[in-house]
Amino acid sequence: MPVAEILQVAAGGLLMGLIYALVAAGLSLIFGLMDVVNFAHGELMMLAMYAVFAIWQLTGADPLLLLPVVAVLLFGVGMAIYRGLIARALSVQFNRGMVQIFVTFGLAIFIRGAAQFVWGGEFRSVTGHWLADRSLNLGGVFLPLPQVAASLVCLAAFAGLLMISRTEFGKALEATREDRDAVALIGIDRDRIFAMGWGLGAGAVGIAGVMLAGFYYVGPNVGASFAVIAYVTVALGGFGSMLGALVAGVLIGEVEAFTAALWEPSLKQVGVFAVYLLVLTFRPRGLFGKM
Amino acid sequence: MPALLEISHVSKRFGGVAANVDISFDVQQGEILGLIGPNGAGKTSLFNSIAGEVTPDSGEIRLDGVKLSGLGPVACAQRGVARTFQVVRSFDSMTVLENVMVGAFAKHASSTAAMKAAVDVLEFCGLSPRMDRPAWSLSPPEKRRLEVARALATEPRVLLLDEMLTGLTPTEAQSGVQLIRDVQARGITIVMVEHVMEIVLPLVGRAVVLNLGQVLTIGTPAEIVKNPDVIRAYLGDRYAA
Amino acid sequence: MDNAILRRRKREVLGGVIVLAALALLPLPIKDVYTQNLIIITVLFAGLAQAWNILGGYCGQISLGHALYFGVGGYVSTLLYLKAGLPPSLGLFAAFGVSGMLALLVGWPCFRLSGHYYAIATVVVGEIGYLLFLNWDFVGGATGVFIPFHGESWAQLQFKTAKLPYHYVVLAFAAATWLTAFLLEGSRWGFAWRAVKDDVTAARSLGVNIFSSKMAAAALSGGFTGMGGAIYAQYVGYIDPDSVLAGHFSILIALPAVLGGVSTLWGPLIGAAVLMPASELSRSYLGGSGRGVDLMLYGGLIVIGALARPQGLVSLFGRKDDHARIA
C-alpha cells in the first residue's frame, strides 16, 4: 500500500477512534462507579442524534451550536434514568447482576421503539450545515471537516473529564469508585454521586452523538451498531479506566480502518473483534483494567 | 511410623511481615494436634498454607510423602485435607443436607450415594433434626457443627479446625469437644488452631506452640504448661519464674 | 431415605408429567393456524430458554450471544440436508453436535473472564458469527437458504398439511431440555454451581472444581440450542443470518428464562408462556406499521418484569418451604 494511502486510512481510523473513545469513556465511567454495564448506551447516543436532527429540522440551527444544548439534555436524561430505574435495580435482593443487565437492555429496546414511533424507521440525515461536505487537505491526506471537528470535540471532552477529576466532585467520584460502601462515612452522598455519574456518562455519549450527526446517518438502529464497538472498546481498555477507553478507542478505530482497507469493508468489525479476543486471551482484564 | 503430614521448613512473608519462619513439625496419623500461640504468632497463615489457600515462600508440606504445598485448596481437599473456617461460610441458598452433600460429592459421583453419605454424616454430627432447614437459619453453634459435617463429608485423612471452639458457652464447648473426640475415634487426624487453653489442652495429644512466626516448642500439654518460654510468650516476663 | 430434596424432586417429576400430558393434548382441539403457530413457537422458545438456562442460570455464565448456536445449528442441519442429503431428523443431532462443540470452543477461553467481561465476549462472538455468515457465499450470504419441500415425511421433518407433527417435535425438544435441567439440578454439577455461587472459597475448600462442569454446561446448552435452530429451520422452511444469528435473537432466547426465573425448572416455561404470546400479539396488532409500539411494550415489559420480580415470575407460585436465595 502506498504511503499516502496508509496515511489516509490511518487518519480516518484516528478520527473515528476518538469518537469511539468518548462513547466508551461514558460507559466506562458508569461501570467504574457502580459495576453496572449500561446496555442502553448506544440508544442514548441515538437519542442525542435524533435530538440534533429534530431541532435542526425545526430551526435550521447548525449542529455545532446545538452541542451544549443536547449535551445538557442527555445529562438530564442520564440522571433521570439513574433515579428512575438504576437506583431501583441496585437495591434488588435477588439476581442483581442479571437484573442490571436486563433492565438496561429493556430500556434500550424501549428507546429504540420510541424513536421509531416518533420519527419512523427510515434513515435521516442532517445536511447542509456549516462543516458538511468540506474537508481539509493535509499534504495529500483528505480529512473531512465534520470528522475532524468530531475528534477535536471528543478530545476536548476527554480533557474536560480529566479536569473534572481534579475537582472536589471528581475526587468524590474517585472515592466512590474505590470504596462505594465507605464513602457515606465521610459525608459523600453516594446516591447523588451515582446520579451525576450517569449524567456525565450520558452527557459524554451525547456529545459524541451530536458530532456524529454531522456526518453519519440517523436511524433507530444506529445505537446498536455503535454499542457493540463501545462495549468492545471498554472491555479492551479495561472497565473503569478512562485512559483505557482512550487508548482502546484509537486502537479500535485504526484496526477497523485497516481491516476495511486491506480485507473487506463489510467485515471491518471482525478485525476489531479478533484483536479484542486476542488481547483478552492474554489480559482478561483489558489493557488497563483494574476490576 | 512415618508421619501422615510433614511440614518442613515452611516460611511465608506477607509484604514486609514474616508470618512464618522456618516452621517444621510432623503430624502423626490418628492424633489430635493443637496449634497454639498468642495473637500474631502465625497460626492462621500456617493453617492456610496447610489447607492450600496460600503457597509457602519456601519449604514443603507433604501428605503421605506426596507434596501438597503449592497445589491450591481444591487439590488439597481432593487429596484428603479438609478444613473449617473461623467465620462460618455456609451455602445460604441451600439446606443443611444440601450443604453437606456438596462435601460428599468430593468422594461420590452419584447423587444417591452422596445423599446417603451426607445423611450419615449429619447423623454422626447430631444435625439430623435440622436436615431440611435452610443453612442460614441455624444457630451459631449449629453452624459450626455444619462446617465440620461438611468437611467430614469429603472423607478426609486430616481435618483442620480453625478456632472451632472459640466463643462458645461452656456447654456448647463440651459438645464440640465430644464431637472432636468422636471424629478422632473414626480414625481421622485432627489439627486444631485454638485460643481457649482450658479447652484445647485437655483435648490434644500434643501441641505446637508458635510465637512471632517461629516454633517455640512442641510437646504434650503437661510439658507445655510448665515451659517457661511459653508462659513468657503469653503472659510476659513477670510470670516466667 | 426421605427428606425435603427427595420430596421436591418427586413433585417436580409429577408436575413435569402433568405439564407434558397437558401440552400434548392442548393443540388437538385447536383448528386455526395462527394459534397453532403461536403454541409451537411458545413451546420451542420454552425449550430454547431452558437450554440457555443450563448455562446462564444454573451455571451462572450469562451468555448474550446464544443466537450463534441457534443459527449454526439451523445452518448445519439445512446444509447437510441440501448438500449431502442427510434427513433433517438426523440433522437435528448433527446440529446438536456441531453447536455443542462450538460452545466448548467458545467457553474454553471465555470462562476465565469474570461477569461483565464474559457477557461482552459472548456478544462479540455472536456478532462475529453473524458477520461471517452474512458474507459467506457457501451458506448463501445475506440471501439465506430456502429449504425445498419434498413431500411430507417424519424423516424429512416436513409437514405441509398440518402443523400438529411440528408441535410434537418441539414438545419432545422442550421435554428433553427440561429433563436435562432436572437431572443437572440434582447432580454433582448442579450442586457445584450452586456452591460456587454462594461462596467460592468454601466451595474450593470442599474440592469443588468447576471448570470442567462449566464446559459440560456450555456443551449441553449450546447443543440443545443448535438442535432448536435445526427444528426452527425445518419449520419455517427458510434460514438467513438476520432471522437466526442476529444479536436481538440472543436476547429473545435468554429473556423467558430471566423473566420466568433463572436456575429454576419452571421459570423458562412460565417466561415463554408469558413472553411469546405477548410479543406475537403486540407485533400483530401494533408492530405491523413499523411504528415501534411493539418494541416499546416489549422493552417496558422487560424493565418492569426485571425490577418488580427479580427472582422471576416463578416466585409467584412459590411454596413456603422453598428457601430464599440471598443475592
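General remarks:
Every chain is named by a letter (A, B and C) in the order it is written, and numbering of its residues begins at 1.
By definition in this document, a residue touches a chain if its C-beta (ideal position, glycine included) is under 8 Å from a C-beta of that chain, and two chains touch if they have at least 3 such contacts.
Quick caveat, the model's predicted, so the values are computed rather than measured.
The set of chains in contact with subunit A as well as subunit C is empty.
When chain centres are defined as mean Cα coordinates, A lies farthest from subunit B. When every chain is reduced to the mean of its C-alpha atoms, the one closest to the centre of the whole protein set is C.
The distance from the centre of subunit A to the centre of subunit C, with each centre set as the mean of the Cα atoms, comes to 32 Å.
Chain geometry summary: the mean Cα position of subunit B and that of subunit C are 45 Å apart. Subunit A and subunit B, compared by their mean Cα positions, are separated by 52 Å. Multi-chain contact residues of subunit C (touching two or more other chains) are listed as 325. Remark: subunit B residues 51, 53, 72-74, 77-78, 82-83, 85, 89-95, 97-98, 101-103, 105-106, 109-111, 114-116, 119, 131-132, 134, 136, 150-151, 153-154 touch subunit C in the complex. Note for the complex: subunit A touches subunit C at residues 31, 35, 37, 85, 88-89, 92-99, 101-103, 105-117, 120-121, 220, 224, 228, 231-232, 234-235, 239, 264, 266-267, 269-270, 273-274, 276-277, 280-281, 284-286, 291. On the subunit C side of its complex with subunit B, the touching residues are 1, 3-6, 186-188, 191-192, 194-195, 197-199, 201-209, 321, 323-326. Only residues 62, 64, 109, 112-117, 119-121, 123-125, 127-128, 131-132, 134-135, 247, 251, 255, 258, 262, 290-303, 305-307, 310-312, 325, 327 of subunit C touch subunit A when the two sit together in their complex.
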